[in-house]
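What follows is chain A paired twice: with chain B in the first complex and chain C in the second.
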Partner chain A sequence: MKKIRGIGVVAFAGVAALALSGCQQGSASNGSDGDEGGAVTLQFQSLSDQPATQDAVKSIVDEWNGENEDVQVEIVQAGWDGTFDKLITQFTGGTAPDIIHYEASSIVSFASDGYLADLTDHIDDDLKADISEGIWDSVTQDGEIIAYPSTLQSYMVFANADLLEAAGVEMPSGDTMTWEELREIAQATTTGGNYGLGWGLGSPTATMMSLSLGFDGGYFEGEGTDASIEVGDAELAVPELIHEMTYTDESVEPTSLTQSGSEVLASFYGGKVAMTVQGSFQATNIANDAPEGLNWVALPPLEGSAGAIQAANPQTYSVNIDSEYVEESAEFLNFFTSGENLAQIAYADALIPSSDSARAEVETLAADNPAWTQVLASGDGLEGPPFLKVEKYTEWKDTIATPAFQQYLADQITREELATQLTDGWTDIAD
Partner chain B sequence: MNFKRPWYATVLMYTALTAFLLFLGFPLLWLLSASFKSSAELNSLAVNLLPAVWDFSNYGSALERQNLLPAAGNSLMVSLATMIITVLLSMPMAYALARLKGRLRAAGTIWILTSQVFPSILIIIPLFLVLRSIGLNDTLLGLILVYVTFTLPFTLWMLQGYVAAIPVELEEAGEMDGASRITILRTIILPLLAPGLVATAMFTFVSAWNEFFLALVLLQSPELYTLPIALRSFLGAEGQTQLGPLAAGAILATIPSLIIFTILQKKLTGGMLAGAVKG
Partner chain C sequence: MSTSATKAPREVKKTPRAVNRVGYRARAQRREAIGLVVPALLPIIIFSVIPLVSGVALGFTDATLRRNAEINFIGFGNFIELLGDHRFWGSFGIGIVWAGSVALLTLICAMGLALLLNSDLRLKGLTRVLALIPWAMPPVVIAIVWRMIYNPNSGPLNGVLESVGIPGVNWLGDFSTALPAVIVVGVWAGIPQTTVLLLAGMQSVSSEQHEAAAVDGAGAFRRFWHITLPSLRPIIFAVTALDFIWQFNSFGLIYVLTEGGPGGRTMIPPLFTYLEAFRNREIGYASAMGDVLVIAIMLILSLYLVNQFRQTKGARS
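Coming up: the complex of A and B.
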């Protein structure tokens, strides 16, 4: 009994102490504030997760803070996982930070709900001219620019040069590579239990939506709640090609279609697949993790009937419309996304910077990694896709498109059934 | 009545037990193995439990980055407080639920079951607004209150089963000896309830220790982040995962849980024996 009484006393003492210490409130909950000296502090919620990127962001913010005593920026580090739910709560509860780091496809609904400031008149003219229309289009909603686009990824084909050479394949050397060339190389390098291509399509929708633009397959027309869907030959070209390569040519490793991109890399490193399609950011991971002696290269960007076009879904920096310091936040972002600064962030994250001047900087920084040349070249074909402006796109993607594409890639449904599922599913959601 | 178990039944029993232990333990072993592998080895086709080259840098990375140690401190504080408050509140409430008769008990039971139906995602925004209005958003105390609120219905349900299993005759015997209600609770019920209390404490601690979503949404300041949030920071954009540091961080994160379990497990056994003797 003494023991139990003892535990009770310790428990009460513990609760009291914890309750007092637990009252400590964080500093990032109340938005920006002006201190007694008149300086304002902007809260900048950053999602950068790589240590090198975090260092780059901190260095840029430190430089700004050193030069701008009246407008100080405080980094509030957060993670990508669960960010959407966190932001919904922050906006609804009125505690969202001044500057919000996220991505174009995910901020559409926040813009529709009126949580993001219109930055059209705040963006530097030089910066506007430095970024392509296609990328600006990806962050424009109802005629308003709702974010600064920062870095992007494209889909690249990485190849084991030795396996291609052993199969007698000539390495593609043009500015772009056609799908037909990819198909031929995959067939030529499929030998004795090894496959020509490994493609992590466990979550296939983003890839399909992006690469279909190369065939003029936009899937959606219109914006917001008025958008309509069209699934025709152009939209089905990419899934059909992958399906044929897998089941007719048998040159795509079928298991890889159920895996993530990163999971397929092990097969690429082990020589089980001669090529793999990956996000461009994997160039750095491959450089770090590939076994010594693996002679790998990045092939030219894939070109469809409409060109080497892919979807631009950039990471973004937006400003909270309820911030008292929209203008100051935009001034900071003009500095933060300048060519030199954006290049540092893009290089650390192994992503393509949105501006031309930053791309030129990255070319210099990455001069010793030839894969970067192809990665940066793929940035030229990035355009704002129609789905970025469709309000219920995420719901359609998760509940309709992903399972439908998965079934088609697993050869469980036909091309026509895929088109019907995608179209009818959208009709159900839109109604 | 002295049954002799056939030999094949014993073999089957131990086979099943071994399979179960392997099923439970293998992921943990794999996690431990991954925490000592380099990024290159983790991304290779080789499947080996023992790392080809032991790489201890993942532990350094896990501790240096993402504020893992302060986050562990926050998690420990929140989990212990949630555990203690929940157990203290559950004890008398569960006793009342188990022993009281009438409509109040029925209403209480129905309310407990109903409260379990709502998923937290549905009430997160109202909850956030309530906490904000009382100045407890972005505080560990606010998070503790939320955890207690969410855990209490289940622990009550669990504990009242333990109370119901204690024969009322024991209390009546105490009453006949002239003991007051408080004395009966303290000297008869509490020792017999110890295994239930320990089980409740373990459940509450683990629930709070592992909880991610509510902490993610309710805590805004990085210095208040709990361990699950810090660990999720190793999962980046575009599905990039820093597997080695994540595995090392996850291994480190299990240590406090193991210590708490070791301490409480002794009480669990002790409580059972106490109940058996007095019952």
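Coming up: the complex of A and C.
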């Protein structure tokens, strides 16, 4: 009997050891142990997924690693898809990296949950002066700067110049283009089985929130948990215009409204749609992937009743509050977001850099690229949107706004029902 | 013989001290059993029972995923809130439609396939293996393949439709077709295992009965209706019940196909709970949803099974 009990004990010990070692692996956080000659290793989770941008990020990191023997940075490559879910599990499991790449509107939730370090005192003074107050404001939560803003996206209209010409449309040449002009061109270029406009609005909320600013439609008022929602004519202007173009003018391809931006690009390449609205970063993809002979142009930024305004929702680099090396991480980020480096990243991604010096740099880099002129022009109208300050914005966006906009764009509900869903949904969430 | 011979003297020796011999042996056996069971039980407790219990318990707290969040016991607060949550119940309804129709359609399709595979056709071995292939594919892969098939612009399905003059359909993006389209994928993925179980059942039906019925002049359909189907009845119950549970809890397939869209039309409860837990970071509330789902499924199934058993009993007596 003793022998058997012995076996039991051994088995127990074995299982326990297995279980414990399993747990330990899970909580070995940050991987930033400095046991080898005092060198610190920082984990840097980067989401940049375009090859050119990845190269730019890598060369900047390599340069830093070469100059700083004692603080080494290791890139952990991740993708944009599902980042929110990934980060929330990493943070709760204590395995989040030291440096976190994301975007302002989504990082707010993590800041309010207390996972991000206050970087106010770490940011380089030159850098601080180089970036506008409005953009700093977009990454400030409760008086703490919780991220370095890096690059900004705007929505651009890309057009197939040949199809526009064939339809006898004059290429818009002003500094901006009104929605009326867009509508007319879309109508003129809708012929036979082809549509004037393809717009990937499968996840419509971000686009709606951004372009609505052009009509002074801010959706939210107030900050943090006290924010209140207002869905009026100004807010509904953009959804209504798209709805009318789709169902009254029939100049927007209805299928595209359920797809992602990149799926619609295929139709654009195939000449099935004459124009497509995309994030500015797609300029790089179009330049790389468009079939030979596709004569594409970027049209001037869209102008609503309040101007050519879109939401400034910068990509961000934040530091994990539980990192042992907050200071080192911030130092790296000061280097990483310096004018020259940021310009490289922005140029590779076809995004607008947040700092003035980087913008000047991009202007020289892109001097001979006409698409870039429009990308940079659209950057002039970027303003900090109210939703960045709203703590439960991500929640509202994913569970209320996205299905509601989808239903409206599919002509399943009326304008009034859309407004009610958006407002009542917020009330449900907020209390 | 030899064992009893060797044991006998020992027992004699012990008689004066041992209060009762049977008790000693029973205790020894019990200890032996514990020694053997513990290694198997421990992983179950650590990896299954503890997470399950703590998951259930979380439903009674206000836990969130905040950093160093304070967790307070709030009794039935979450459940009371859940009662009035019309979005959750909407999603619950979609879940019932999804799981019910997938389970039912899978049964019908699998029955047909199993009958086909059970008949004496050529290349029987090959076709049986082919029928199993969807089973070997992970749900995510299935979903990606079907997304391509359903693609409104370049998918083969619309390609075929358009070549015969029917306008293409935006299968996963259109409000009226999204749920049916997803159900078709669910059925396709669920057929193999149901087929295998039904096929095994069919092969246990004795061929004499079929022969006797055939001699009496019963056609193929009557033989199926009066012999195959009744003997498959317990298997059919088990399979549909299991299918219903699995499908109700399935996540990967729909997450990849539609992410609950368009406009929440395919938002089945696991997706809804997932959003609540990881997007809204209210894991207490999300756990309460999980608790409710388990209870609801158990209720529905017990109704179904009790009803079916009663029918079986009635049929026999």
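Following the convention adopted for this analysis, the second predicted complex is superposed on the first by the 377 of 431 C-alpha atoms of A that agree within 3 Å, B and C clash if a C-alpha of one lies under 4 Å from a C-alpha of the other, contacts with A are read in each partner's own complex, and residues count from 1 in each chain.
Methods note: a contact is a pair of C-beta atoms (placed from the backbone, for glycine too) under 8 Å apart; a residue touches a chain by one contact, two chains touch by 3 or more.
All of these numbers come straight from a predicted model, not from anything done at the bench.
**Q** Once the structures are superposed on A, label A:G114 by its partner contacts, choosing first (chain B), second (chain C), both or neither.
**A** second
**Q** Looking at the overlay, what does A:D81 touch: chain B (first), chain C (second), both, or neither?
**A** first
**Q** Return first, second, both or neither, reflecting whether A:Q50 touches chain B, chain C, both chains, or no partner chain.
**A** first
**Q** Mind working out whether A:D289 is in touch with chain B, chain C, both or neither, as first, second, both or neither?
**A** Only chain B; A:D289 stays clear of chain C.
**Q** By the touch definition at the top of the document, which applies to A:A39: first (chain B), second (chain C), both, or neither?
**A** After superposition on chain A, A:A39 lies in contact with neither partner.
**Q** Return first, second, both or neither, reflecting whether A:T92 touches chain B, chain C, both chains, or no partner chain.
**A** A:T92: touches chain B and chain C.
**Q** Name the contact category of A:P403: first (chain B only), second (chain C only), both, or neither.
**A** So A:P403 only meets chain C here.
**Q** Counting only touches as set out at the top, which of chain B and chain C does A:E395 meet: first, second, both, neither?
**A** Only chain C; A:E395 stays clear of chain B.
**Q** Contact-wise, after the overlay, does A:Q259 reach chain B, chain C, both or neither (first, second, both, neither)?
**A** Only chain C; A:Q259 stays clear of chain B.
**Q** Can you give me the overlap between the chain B contact set and the chain C contact set on chain A?
**A** Looking at chain A, the two contact sets intersect at 1, 4, 11-12, 14-15, 19, 85, 88-89, 92, 266-267, 272.
**Q** Okay, in this complex, where on chain A does chain B touch?
**A** The contact residues of chain A facing chain B are 1, 4, 11-12, 14-15, 18-19, 21-29, 47, 49-51, 76-82, 85-86, 88-90, 92-95, 103, 153, 260-262, 265-267, 269-270, 272, 279, 281, 285, 288-291, 315, 349.
**Q** Over in the complex, which chain C residues touch chain A? Could you list them?
**A** Going through chain C, the ones touching chain A are 28, 31-32, 34-36, 38-39, 42-43, 46, 64-68, 87, 152-154, 170, 172-175, 260-264, 267, 275, 278-281.
**Q** Could you pull out which chain B residues touch chain A in their complex?
**A** For this pair, the touching residues of chain B are 39-40, 43-45, 65, 77-78, 80-81, 84-85, 87-88, 121, 124-125, 128-129, 132, 135, 137-144, 186-187, 190-191, 194, 212-213, 216-224, 229, 232-241.
**Q** Can you tell me which positions in chain A touch chain C when the two form their complex?
**A** 1, 4-5, 7-8, 11-12, 14-16, 19, 84-85, 88-89, 91-92, 109, 113-115, 202, 254-255, 257-259, 263, 266-267, 272, 321-322, 392, 394-395, 398-399, 402-404, 406-407, 410, 412, 428-429
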